[in-house]
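What follows is a set of structures to go through.
Note that subunit A is present in both complexes that follow, paired respectively with subunit B and with subunit C.
Entry: the complex of A and B
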């Protein structure tokens, strides 16, 4: 399987593809994102249960992409393909410039060897071939369990005062290192609201007011866009349960608009489009 | 003097009446330095902590002063209670001495100086390094005592050999005889042998300034501030206005706004130049200005990097070119 992946990447690089964003090894031997530029670079690629990185993040990285006109390749898992679909529907990437290499996936594991939460409920382990140029690997055998949204329900069960206390304590831990934002493939704003100096919309310092605003603004901006890749929470040095916030926002958009972000590359995201027959969430919910 | 963990715990409980005690605590399976309410909170057997003790001297947010229509209102940096930081690793304690070069030089920084003065550091000699630790490559030692007022040397079975290193340390442990403050050779040798990661800091790192190396190694960097925020020696800050107050807060050199100047020009706009700057600040500019490398080999940048890219590898690779 890995040989097939390497050979395919080698062929792409021998052809008209400038580089391939893939999984390889860092200098200290850990699995890491790499950019393969020469056919020989394909020899160092890896595929294992530590390939949790969502590589689509690099598709909007201007230092990596330059003017974005070159044809490049990218290795994706089924879940990453959803993010790619969002990027395509938001016109951030040109599909004709991409060679999408999808890998069938048995799930990713954390440092302790436990399957990631998102992988337990994954329904896209076998990527839809119509969205990719090549699908590699044996068909996954694992049966997903149904997502019970227990994490969201636990917080919903709290009183508003308890909930405020819960999130305030979480946000109080935030260092404002921006790792969650910078690893997010859909946080591609050229100038983030949180970084603007003048006017300073969101306090720069790690303070409860600023931290709360930062996370709330980010959650709203990703509502109906986030594909729950979980990279934000994985990298958070404070261990803030960011995905719970994102999953809540996603469930609201799904309930009100019947919308699953990343299902296809030509979706119209509900929160940035308008239709005369848009449901009024308040009316929908009225008995 | 050998002290048992519960003896030290009882002493900490007593100190808590008049002092703030900061110590490693376990939160969600990871260890952080936090103010504790009880000695029971302390993670005595921790290996490495996510945050360093830097934030107790250079807080992520520090109000410098406030101003209202009534006038200027100074804000004291002196903590309400004197603070004891327990179980700081030698790398983190040594990092304070390195930051002192900037903040306690010709013009001492008042807030930093106040927090330094009111803190006592009780270190913990390190017998639990992981694969990212490389303190011995940058002038440190897992048994080092730099920056500490007292050190606890684990002797097994939850006991510690307590050594006094300063008057502040004596004030915390008045019963410990002060004639012996050396860490036993046997411990030093064993601890240093346990450090598995070794890097070579090149003498001529400046020669690589224009090398394509920096473009190659920074390709996957996210330009986030995780490494800087967890780094025990990164100390760059921003001064901002918040409400009625002037506030000093952490900033980081990978940020899109760090080097943006008037009219929007950014003289380190490209990713590679920011990555290179972070390495050069630690391994070239700092040694030139202060005679010491601004890295203590704690390994946090590598351990927590979202894309598994650490400074040890960045520095080590320069020499290979």
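Entry: the complex of A and C
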């Protein structure tokens, strides 16, 4: 399987592809994102259960992409393909400039060898071939567990005061290091609203109200876009359960607008569209 | 010292602002805790404006626009409706009392409704302040009202 991947990347690089974003090894032997530029670079590629990085992050990175006109290749998992679909629907990348190499995936594991939460409920382990140019690897045998949104329900079961206390304790630890924003493939704004000086919407330094505001704004900006790759939570040095916030937003757009982010590459994001029978903001459950 | 409730109202120019004007022309009485900001359309109301109000110490925010289907710009309030719905759900999820933030539709002929909407909002915000004086978003410390 890995040989097939290497050979395909080699072929791409021998052709008209400038570089391929893929998984390789860092100097200390860990799995890390790499850019393969020469056909020989394909020899160093890896595929294992530590390839959790969502490489579509690099597609909007100007340092990597330059003017974005070169044809490049990218290795994606089924979940990353959803993010790519969002980037395509938001016209951030040109599909004709991409060689999308999808890898069938048995799930990624954390440092302790546990399957990632998102992988337990993954329904895209076998990527949709209509969204990519090549699918590699054996068909996964794992049966996904149905996502019960238990993490979201647990918080919703709390009283408003308990919810406030819960999130205050979480946001209180936030260092405002911006790791969540910087790793996010969909936080591609050239100037983030949270970094703007004039107007200064969100205070730059860490404060409980400011941190709360930052996370509210980030969740809002990703509502209906976030595909729950979980990279934000993985890189958070303070261990803030950011994905719970994102999953709540995901459940709102799914339940109320019938929208699944990243399902196709040509759908309009839900917050820049509407339906005549949308729910009224006041109709929802009373406190 | 007693501090008055402060509620910021974002009113669309074409319906709700005219409705509020009608309430005034008809000498209808309603609470003075609301400060009105006229906006071209409820679709203009960036959620950041709402959050900014809370940051600066507002106790509540009311967004009012034309009834869905009646937008002067055909569809501005449809966008607002979705956005505000998501924002309301989000604020509720992080524990900010949803009674502090309301979205209502008031037409230019609904002066009486406007007065009711304002009074209802003030009641709700006051009740929320009674439970927790601070909106939890204020950057000015616990700036919540104490007259609740």
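What we mean here is this: the second predicted complex is superposed on the first by the 273 of 287 C-alpha atoms of A that agree within 3 Å, B and C clash if a C-alpha of one lies under 4 Å from a C-alpha of the other, contacts with A are read in each partner's own complex, and residues count from 1 in each chain.
The rule is short, and it goes like this: a contact is a pair of C-beta atoms (placed from the backbone, for glycine too) under 8 Å apart; a residue touches a chain by one contact, two chains touch by 3 or more.
All values reported here derive from a predicted model rather than from experimental measurement.
Visitor: Could you tell me if A:254 is touching subunit B, subunit C, both of them or neither one (first, second, both, neither)?
Guide: Neither: A:254 stays clear of subunit B and subunit C.
Visitor: Just to be sure I read the superposition right, which of the two partners does A:237 touch: subunit B = first, subunit C = second, or both, or neither?
Guide: The first partner, subunit B, only.
Visitor: Of the partners subunit B and subunit C, which touch A:64 in the superposed model: first, second, both, neither?
Guide: Touch status of A:64: first partner only.
Visitor: Give one of first, second, both or neither to describe whether A:165 is in contact with subunit B, with subunit C, with both, or with none.
Guide: Second partner only.
Visitor: Answer with first, second, both or neither: which of subunit B and subunit C does A:28 touch in the superposed model?
Guide: After superposing on A, A:28 lies in contact with subunit B but is clear of subunit C.
Visitor: Based on the superposed arrangement, let me know which partner A:204 touches: subunit B (first), subunit C (second), both, or neither?
Guide: A:204 contacts subunit B only, not subunit C.
Visitor: Should A:109 be classified as contacting the first partner (subunit B), the second (subunit C), both, or neither?
Guide: A:109 sits against neither subunit B nor subunit C.
Visitor: Classify the contacts of A:178 with the two partner chains as first (subunit B alone), second (subunit C alone), both, or neither.
Guide: It touches subunit B, and subunit C stays clear.
Visitor: Where on subunit A do the contacts with subunit B and the contacts with subunit C coincide?
Guide: Touching subunit B and subunit C on subunit A: residues 203, 207, 210.
Visitor: Can you list the residues on subunit B that touch subunit A in the complex?
Guide: Residues 27-28, 30, 50-51, 60-61, 131-132, 197, 218-220, 222-226, 228-230, 238, 240-242, 247, 249-252, 255-257, 260, 270-272, 302, 304, 306-310, 312-313, 316-317 of subunit B touch subunit A in their complex.
Visitor: Under the touch definition given earlier, write down the residues of subunit A that touch subunit B in their complex.
Guide: These residues of subunit A touch subunit B: 26-28, 30-35, 53, 57-58, 63-64, 175-179, 181-183, 191-192, 195, 197, 200, 203-207, 210, 231, 234-235, 237-239.
Visitor: In their complex, what parts of subunit A are in touch with subunit C?
Guide: Against subunit C, subunit A makes touches at 155-156, 158, 160-168, 193, 201, 203, 207, 209-210, 212-213, 215-217, 219-220, 223-224, 245, 248-249, 252-253, 256-257, 270-276, 278-282, 284, 287.
Visitor: Provide the residue numbers of subunit C that touch subunit A in the complex, in ascending order.
Guide: The touching residues are 47-48, 51-52, 55, 68-69, 75, 78-79, 81-99, 102-104, 131-132, 136-139.
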